[in-house]
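Pasting the structures here.
Okay, so chain A shows up in both of these, paired with chain B first and chain C after.
Let's look at the complex of A and B:
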């Protein structure tokens, strides 16, 4: 019985804090994405040749986001029946967008106007108990063209 | 090609569904399946118990007997004698080869004997002292072995164990904790209760095997007379054994009926016990051993 209460408290805490953090994070992401819209990040290997050649610089942004107890539990249930693990989808989506935003922030500090050859790398950096994924890291990097 | 940088709408890579909705759907579905499985298993527990491999039952018994004090490395001669007799009876009852019978001698005054999980039989000194010849001892053993043969112990452990074992099969880590819990809740091995039908079934099998072994069932009724005396004379310490058994009188009548059917019975001689039998049964000097006091719980 005590175990069940502890479990329910953890679940409620996970849901409450996790949900709050996620909504807040999405709000911030959407707002900052608008701010950085003038710096496109593209995956082409070569810089657009229409612009005069300029200085280049490597820029990167990385972020680590942890899952919460609720997401972990719901993903565990998903494990039994299969299907979209929507609890983790938002997690990885947030991490990708945040990493790109941080990369763009760095690019702006350089005075860049476009980032090309953008690459994303994902890894789970912390395996929790029973090898469950504890946190996800996303690294975004690319080459920024700096205005002369 | 013209480069454009459109605003990407939300919700492509993520789901707009509220996480709680998914939670309740999943929980409801999985709990429903689990509950349905439990209901089906408990309804069919008695029938399914027979299909539990005996090997698994023995493992289960080991987990419980581990809690008992270790038996001396050298088993007493009485145990060797009883095991030898048990092997003969097991052969007569055509026990499947994987069903191993282990007889334990309990140095205690109780007039009792019982069979439990994993083919373990416990014979108390109190009962053995009162049996005058081998046929009576064989009747006790045959009766308890018949319980094992018909898988009565595992069936009597009931729904809890079936459920625990079902979970053990699904998940080994969760399952072990679960069966331990179930077994400890069931109060261990010594309080197994058999139904009257099971007792009658065991009596019948026992008589058949005795007839096969000795050619008659002379002396088999003695067991119940002894039990009756033990029942009336002393303060009763293990009521389970007697209360769930059919009335001794009925059982004696049953044996006599069996004798009447098989004509050879009347003139038959009973097999004698080994000369050292009485010597084997001298109680240990220290009086009650730890084993017997544990078993009484």
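Let's look at the complex of A and C:
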């Protein structure tokens, strides 16, 4: 009985705080994406060589975002019936967009105007145990061109 | 030392290729951070401690790569890639590699 109460409390906490954190994060992501629209990040490998000479610099941004108790539980249920795990989809989406934004922040600090050859790398952080830490790390990196 | 992940630098020519250079760093998180992360797993949100830790070790991996490049007499590292892998429970390896070249 006590176990059930603890479980329900954790679930409620996870749902409440997790949802609040996600909504807040999405709001800030959308706002900052508008701000950084003047620095496009493209996956093209080769920068145009015809442009006036410019400096280049490696920029990167990374973020680790944790799952919450509720998402964990929902994903566990999903495992039974299969299908899209939207709880995790939003998690990874948030992490990717945040990483790209941090990369752009660094690019702006260098005074750059476009980022080439953007690569995204995702890895999950797990501790061995079954109920260990569940988190996703995303690294975004690319080369920024800086006008001389 | 110029470090970049594109293959051609606008306006500069590669005069000599010196081969692959690499650097890596393996880090573990300390217990305090693990406990905090465990708590965060209930509430969700960013694990700032981990973000910093991984960022630091990535910078260290890059420094080691640059050292290696300097040792072979390069003045630039092109086409740099990063990769992450977990070696054991609680430890992560950050790996950076690229091509050392001499630019004119």
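Following the convention adopted for this analysis, the second predicted complex is superposed on the first by the 140 of 148 C-alpha atoms of A that agree within 3 Å, B and C clash if a C-alpha of one lies under 4 Å from a C-alpha of the other, contacts with A are read in each partner's own complex, and residues count from 1 in each chain.
One rule holds in what follows: a residue touches a chain if its C-beta (ideal position, glycine included) is under 8 Å from a C-beta of that chain, and two chains touch if they have at least 3 such contacts.
From a predicted model like this one, the values you see are computed outputs, not experimental measurements.
**Student:** With the two complexes overlaid on their shared chain, look at chain A and say whether chain B and chain C clash or fit.
**Tutor:** Fit.
**Student:** Can you tell me whether chain B or chain C touches more residues on chain A?
**Tutor:** If we count touched residues of chain A for both partners, the winner is C.
**Student:** Once the shared chain is lined up, is A:121 touching chain B (first), chain C (second), both, or neither of them?
**Tutor:** second
**Student:** For A:90, decide between first (touching chain B), second (touching chain C), both and neither.
**Tutor:** first
**Student:** Now for A:81: first (chain B), second (chain C), both, or neither, which partner does it touch?
**Tutor:** In the superposition, A:81 contacts chain B only.
**Student:** After lining up the shared chain so the two structures overlap, which partner does A:103 touch, if you call chain B first and chain C second: first, second, both or neither?
**Tutor:** Neither partner.
**Student:** If we overlay the two complexes on their shared chain A, which of chain B and chain C does A:37 touch? Say first, second, both or neither.
**Tutor:** A:37 contacts chain B only, not chain C.
**Student:** Check whether A:64 is in contact with chain B, with chain C, with both or with neither, and answer first, second, both or neither.
**Tutor:** The second partner, chain C, only.
**Student:** Students often get this wrong, so check: with C-alpha centres, what angle lies at chain A between chain B and chain C, to the nearest 10 degrees?
**Tutor:** Placing chain A at the corner, the angle measures out to 100 degrees.
**Student:** Touching A:46 in the superposition: chain B (first), chain C (second), both, neither?
**Tutor:** second
**Student:** Can you give the closest approach of chain B to chain C, taken over C-alpha atoms and in whole Å, for the superposition?
**Tutor:** Scanning every C-alpha pair, the shortest chain B to chain C distance is 14 Å.
**Student:** Does any part of chain A touch chain B in one structure and chain C in the other, and if so which residues?
**Tutor:** In chain A, positions 48, 70-71 sit in both the chain B and chain C interfaces.
**Student:** Can you list the chain A residues touching chain C in their complex?
**Tutor:** Contact set of chain A toward chain C: 10, 13-14, 17-18, 21-22, 25, 45-49, 51, 53-54, 56-58, 60, 62-72, 98, 116-117, 119, 121, 123, 125-129, 132-135, 137, 139, 141-143, 145.
**Student:** Applying the document's contact rule, which stretches of chain C touch chain A when the two form their complex?
**Tutor:** For this pair, the touching residues of chain C are 2-11, 34, 37-38, 40-48, 50-51, 54-55, 58, 80-86, 89-90, 92.
**Student:** What does chain A use to touch chain B in their complex?
**Tutor:** 15, 19, 30, 37, 40, 42, 48, 70-71, 74, 77-78, 80-81, 84, 86-87, 89-90, 92-93
**Student:** Using the touch definition from the top, list the residues of chain B that touch chain A in their complex.
**Tutor:** Per the touch definition, chain B meets chain A at residues 3, 5, 7, 10, 13-15, 17, 19-20, 22-23, 26-27, 29-30.
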